[in-house]
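Lettered A, B, C and D in written order, each chain numbered from 1.
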């Protein structure tokens, strides 16, 4: 599995806001079929890195390779065109619209002038059941009637529906109850098992260990280690997060 | 099991702790979050409080600040037992807590923020001059030089400068204990430096400082002692000079490290 | 039987089974897909489909696909899920489920109820039979029941389905399968299997383990059960007792187990132990109680967190041993262990990382049961289908032949 | 008996919370009513308050003025009375859907009407040139507002408040202080004062009813074909029957002779009614069935989500103001037709408030994201009924203001409460 090329690979990415250096020489890879957990303390640069991946922030220098080919992202649209979908914490769903309408927002199916509701509804139901999402009554429910976990699910399903190849999830389980968190985690895992590359940002080590294949640890804007989850312990990861090194891993002493 | 106090050998006693908490327990309904916690802050020292997410750091601080009432336990301030039933009690004792969200009003300037809610006045008029002087004097005492003018709007400050203002605000009030909740989170390297320097000076000017941090390098740089919380218990209170980061990480994640920490059976069979 | 190679008839029977099995597990498929997947030519597929259609096992129809305007629609072969069904019984310690599951795996109808931990065997049989009868009554008159199986939390002898040991659910000397078969009166035998074995089967065929032929399924109820699939087959051992992972000793001299030993995996990570660590022995038990511990830990309760941490340690050791011995591609946590695993994954995997051989652990995937609470139920259904999938036409003919009188 | 599996239908394990059970469940009338009720409970009231309000007002005024209020003459009068406010409100629905407001729509209608009148009277242009120019002026005003709001990003409240003042000046300049420009063109006057031939009215009514039934049934069939479960056929048929009946009864009433003297015959549907009908159909179609409409709802619901979904939020925002002002122009023309003249205060005073009131009473939310074109029609009828009924009662002007204001406040309160309810049930 280690011979597969990463779907996304960043090399030597630097990013500053004015005089403040936020990312330094960051290397990061995401592999198809794997969940890569991105961990780090507050302010370690996780959000900035995600925004660079999603084309929201231009990076100052470094290489951005997608499927091994260098690409240059100018905007979120470029990222979307590559099949990169970022699910932000605020989810960005329209509460006054129903699940189907949200799933197809901005990319509605139409027949001539008219929206093709029946096809959209069918596709939505198919996508959701393909993800074994079993916790919603109807695809015609309004978002405002859904729980936090269900909303998260809809936001993630949107990424799947649009044939994304890389999905970045920013703290999907924050502010969810435990049952919903578990469902979202299983959904995250299923996304990867369906062949997508998934990047998961999380503070919860149980969540990270439960679903991830690799762990990438940021410490003060540097990528101190990107390791296979099978090879590290909880203590290793906490040490990387809190001091940038752990045993042989991380920053040189 | 309750006797987890590793700090039985008295440290080179530099006076009694300003604030000493013993046997503190705290539950939220059925959820038990703090168990027999001992915690002490000494004048002129920085005590770092470390622990994993959910180990109970914020709860402990909120108990000290009077935001959460404690279930059982004793809080001593300067040797006397006190009851802290609200943030006002804590402030009256001279305990100031600087939270992560800082609670600064962006549209006001530094002086106005530092005196927010406790404005000095002459008659019914605000005494701007005296406040400005006091603010400038406090900042100078803490050697804060990065701020151009005390009349600058907070909105125009960088993250580090805001943190500085918030800390200076806490130091302004004759406070004896200042507790800082993750003051360096989300700051750049440069700004982290400034804030850590300020934390150190705060202790050097005679305050007892509590510092919550996730960054162990910061902790080792600025703190004199570390209290490590593990699942709501104090795993150990140690001098930073006596331990390594790896030991502290083990205390955080497993509750023990070598001879330090909790007895084996409470720390999940020593694994 | 004595001939060297398989006969024409054997081949045909095998192909019929393969085709039916394909649409049963993978869903409706076009003839082209079938031909390609089964390695048969299209005319053979056509003949097989015709036979199965005549037997009422499949039907061909136009696909219902979105955007069907594109291209010429080709017929798909679809299992007759409402007409051919099995009865699946899931006997948990606290919970009973009986379901009518159609060919293709769809749960058509189900009855579910709570079971009191003190209930005796005859109550159990009565409850299962009455639920099954009501399911059969609601099936259409032309529907036919082709099998039945029970998932049971105990050690079951393969030769005669006798329950040898069921510490958490004692039903005495009762021969459960025979009793059910007799009282149902459908003319079909009722198989009894270890629940975790069936869970392994279900996850292998329809759940997280599709495409993985070496997997281990760990099932948490009151105790801990296990099902091991090696090379695509369930590991039964000499008499079918194999795979009792719950009684693997992980902590010699540890907590006493119902089996008499000390420090079994079940004794260290089972429901009672978790609740004891969490200081909740007094309160309610069962699946909801386990979930409540995980929930409390999520809220920050230090007692619950430590309980999960301790249980996670032993679970990690157990998994590490299994990984070293079997080198599975996949370990699936089902039942209450799903919640326990998700609540203590950091500890489980940390222990795995330090205790398992690097080569064995490197590619093992840890997953939760994709079928959720229905894992063992689905396993029972799949087991009940085995006979008809092995020889579809014969079995159906036998079931329909004896008498055309309606059942019950 | 300690082990029990309950028998019978109730014992069947509910699949309700799994696998989109609600989509698969065989929908019967009871389930549909249940769904509807749960929607109402969660604050999604739909057209119910407006219809109840309208029914209540009709009963009230009929009781107070039994001989005049329900006379055929008054009913015809009512329908033309509702004309300007309904058209204005229909345009405003688009703006309100985004959570914005257009305070200048009323006076914009005045300006457009004045332009039309001046062109016909002073420049002697034919009616169609005048009308097209007036609509053009409306589009220009809307574009200006839209640009200021969406590109310059001034709050719409401020932009349109400024225009509310400014445009009054333009009307005043065009008409002259204290002046009146008469509107005598036959076509324009006919809009609010003449009726269709009875046969044409019936033909149109039957066509509309049939068309409505056909689209509803066609949709139902299509859903059924795809295996998507829509509402039960009985409900669809019932809805079609109610709408068709309402349409035909109204046509019948308006086709009766309502002349006060037996010597002449006045009957038929006023020409303004089919105009509203056409606009209603267009707007409903655009909002409900086209991507543009969907995007309007999306921007109103969560502009950030819409932006991230790749929707051009600026363009959507601009367009709704253009639509509102265009409808304002039409509304101005209808008002001019009804009054046969233009005065400097055309479109001023309460015009705008009544327009917004109509939309809100009909069920459009002031917070954005919720509303339909039909809200304008229902709300317009309520407003016109109040006006008409109070007129028949001989109420003083002050009472008229008080009551209309009270109704508007009441409708807005329902909106705000329903919103809170929605927020509460959301999580």
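Note that in this section contacts are C-beta pairs under 8 Å (C-beta built on N, C-alpha and C of every residue); 3 or more make two chains touch, one makes a residue touch a chain.
Only a predicted model underlies this, so the values are computations on that prediction, with no experimental measurement involved.
Annotation of chain A and chain B: jointly contacted by C, touch as defined at the top. Shared contact partners of chain B and chain C, listed by label: A.
When every chain is reduced to the mean of its C-alpha atoms, the one closest to the centre of the whole protein set is A. Using the average of C-alpha coordinates as each chain's centre, D ends up farthest from chain A. Summed over C-beta pairs in contact, the chain pair with the top total is A-D.
Between the Cα centres of chain B and chain D there is a gap of 60 Å. If you average the Cα atoms of chain A and of chain D, the two centres end up 43 Å apart. With each centre defined as the average position of its C-alpha atoms, the distance from chain C to chain D rounds to 58 Å. With each centre defined as the average position of its C-alpha atoms, the distance from chain A to chain C rounds to 33 Å. Residues of chain A found to touch two or more other chains are 119, 122, 134, 205, 234-235.
For chain D, residues that reach two or more other chains under the stated contact definition are 226-227.
Within chain B, contacts with two or more other chains are made by no residue at all. Residue ranges on chain A touching chain B, taken from their complex, read 19-22, 41-43, 203-205, 220-221, 234-235, 238-239, 241-244, 246-247. Note for the complex: chain B touches chain C at residues 28, 30-35, 54, 56, 59, 231-233, 266, 268-269, 271. Across the complex, chain C meets chain B through its residues 251, 296, 299-303, 305-306, 309-310, 313, 347, 351. If you check the complex, the residues on chain D that touch chain A are 16-23, 42, 44, 222-223, 226-228, 289-291, 294-295, 297-298, 300-302, 304-306, 308-311, 368-370, 422-423, 425-427. Remark: chain A residues 76-77, 80, 90-97, 101-102, 105-108, 110, 113-115, 118-119, 121-122, 125, 128-129, 134-142, 144-148 touch chain D in the complex.
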